[in-house]
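One chain, chain A, appears in both complexes that follow, with chain B as partner in the first and chain C in the second.
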Partner chain A sequence: MTRIGTALKWLLLVWMAVVIWAAFMWVPSASGFKGESSRIVFFHVPTAWVATLAFLVSCVASVMYLKRRSPQDDNRAAVSAGLGLVFAVLATVTGAIFAKIMWGAYWNWDPRQTSITILLLIYAAYFALRGAVPDPEKRATLAAVYSILAFVTVPFLMFVVPRIYWSLHPDVITNPDPDNRLDSAHLRVLLASLAGFTGLYVWLYTLGSRIEAIRHRRRQEVL
Partner chain B sequence: MSDLAGIMAVTLIIWIGLFTYVYRLDRKVSRLED
Partner chain C sequence: MSRWLAEVLAVAGKDLRTEFRTRVALNALALFALTTLAAVSYTIGPYRLSAEDRPFLLSVLLWIVIFFAALAGLDRSFVKEEESHTAGLLRLAAAPTVVWAGKLVYNLVLILVLMAILAPLFCVLMGFEIVMPWRFVAVLAAGGFGLAVTTTIVAAIIAQAMTRGALFSVLSLPLLLPLLIFLIQGTTAVSTGDLATWSASLRAVLSMAGVMTVVSALLFPVVWRD
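Moving on to the complex of A and B:
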């Protein structure tokens, strides 16, 4: 680990600790939300954002694989898709907790909940595909094509579908009505959380790619 | 301790636990790379 890398990791530890403190203790609960449910936004939005970013990175790495045929690109695509899946599950769980407080049930088949379920199934199938093909080159090519096609659905399922149909899901960032938008204190904590979660994703993605590179090198040595 | 402070404490413990695990894994990977 370089000195700057180590310092950034310790900074992330402190940064996220401050975000957690601010999310629960510093900002008041937002108006228009039941109880303290508005505080989930500080974790739900960043996990959903990181999931989208991870799927995008997986798509880019897949395009790079088809162009260069480097096994490292295939590994990067798989690592990022895995992280995307984990963060999408976290976004679903935090969303369900919010739904329970606000609407009385964990699951309402709201367009957002339905579309993220479809997205989870699409990326779960990516790993089923990877597990089903034993030949590494064939697996990498098929997975790369699938990852690109899977990402085409991401903007549609994350941004288009929930806006076409009526949804219970609140729009607290781009809402034209200022009474239903987050105030500046909430927005500051949300932006800090988004930065922290993005930093965590970058770290996990880099680490995952390094682990896969070691595995690849060892496999080559055995052969 | 209020409910909110309790939830914050649990969230902080989860975060510190996750950080410690990933940091130790990172150091282990660095050693393997050398």
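Moving on to the complex of A and C:
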């Protein structure tokens, strides 16, 4: 098991290195974008995807906690929400850099930027709630409930707000215009990058869960 | 079903009766709203904004006043049960869904009373012209329902935590912000007479409030149990 784990870690290192190389060197710069700014898509989209995935995992772990009442599930939900916050910040920063180059300002409250800001606030509030409840069991229950409530708003922020309001954000996935699709080289690197970032998330998530499990065990031993 | 409804109304009636004896939450809501309205009206008044900015800016101000007033008063619904140590008795006396629905009705009544006072006053003081008054009432009612649903479940959560006052705003506002965006859009539309935007934003508000209702009805027994 540990040998496979080590091999996977090395594979991830090589994979990410190849993705970074391909994103900067192999893919030609896309037309219609200023300078080399289109290359940020290979990092912006995967971080946004991983943030969504992490929030989904946190929500699922919260549901599992309410069903099974195992402290492990609470730890998983907290670890995944923390990772989701980190990746959401990365997506925001990469998006802001792209916005500065393409549209002239880091921040203009585009609907996408609004949505991600609200998401960041929600999950920051999740950790504020965790900090405010001293009893571990009660903390786990209340945090699980809030995490599920928070995830309910995610589809509205991701899909409804950008549809109702006019947005500058490039819309590649649901774009009906065939001329505006990614060409095959871009698509290949983007998919590879998505796979790499997902792998990175899985690794960080298992690492975080293991640390939390050890911490939990230590606390049990001390008490 | 009718028995369930009678129990819900009993819980809501009990809360409203105790509320009208002390008027803690109502005073907090109404005075917060009135002082904010006075500050806004004094600094901006009916003539300061240019005509094309009016519908949007005035909708923003109206909803900000309503939201912050709601955050100042609506956390009382569960906190007061914990403070007066009556939560245990309520747990024994009524089923969790009954308590949830009763508190929801109570919060809804408070917020609707607030809106009934505040919205006309705001329109008069700020010179806010509404082209479609009944559709404006629909936006207010839908917004009040969304606000009441969200604040009810968050109030139940924070009643179990420490540092309740600050935590209530911190937990509620992010959940309410999407609702706020749609409500401002809908209110701007009733002021300019834009029917398509009105219906789109009203549908968004109603679907969000509906999802919140279902999810919090399912989750409330978990929060309330211990």
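Definition applied: the second predicted complex is superposed on the first by the 220 of 223 C-alpha atoms of A that agree within 3 Å, B and C clash if a C-alpha of one lies under 4 Å from a C-alpha of the other, contacts with A are read in each partner's own complex, and residues count from 1 in each chain.
Here is the rule we go by: a residue touches a chain if its C-beta (ideal position, glycine included) is under 8 Å from a C-beta of that chain, and two chains touch if they have at least 3 such contacts.
Values in this document were obtained by computation on a predicted structure and should not be read as measured data.
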| item | value |
| --- | --- |
| First (chain B), second (chain C), both or neither touched by A:Thr153 | second |
| Which superposed partner A:Ile214 touches (first chain B, second chain C, both, neither) | first |
| Touching partner for A:Thr114 - first (chain B), second (chain C), both, neither | second |
| Touched partner set for A:Ala128, first chain B, second chain C, both or neither | second |
| Contacts of A:Val145 with chain B and chain C, given as first, second, both or neither | second |
| Which superposed partner A:Met16 touches (first chain B, second chain C, both, neither) | first |
| Which of chain B and chain C A:Met25 touches, first, second, both or neither | first |
| In the superposition, chain B vs chain C on chain A residues touched | C |
| Which of chain B and chain C A:Trp203 touches, first, second, both or neither | first |
| Contacts on chain A seen with chain B and repeated with chain C across the two complexes | none |
| Chain B residues within the chain A interface of the complex | 4-5, 7-8, 11-12, 15-16, 19, 22-23, 25-27, 29-30, 32-33 |
| Contacting residues of chain C [partner chain A, same complex] | 153-154, 157, 160-163, 167, 170-171, 173-175, 177-178, 181-182, 185, 200-201, 204, 208, 211-212, 215-216, 219, 222-223, 226 |
| Of chain A, residues touching chain B in the complex | 1, 9, 12-13, 16-17, 20-21, 23-25, 36, 203-204, 207, 210-211, 214 |
| Residues of chain A touching chain C in the complex | 66, 114, 118, 121-122, 124-125, 128-129, 132-134, 138, 141-142, 144-146, 148-150, 152-153, 156-157, 160-161, 164-165 |
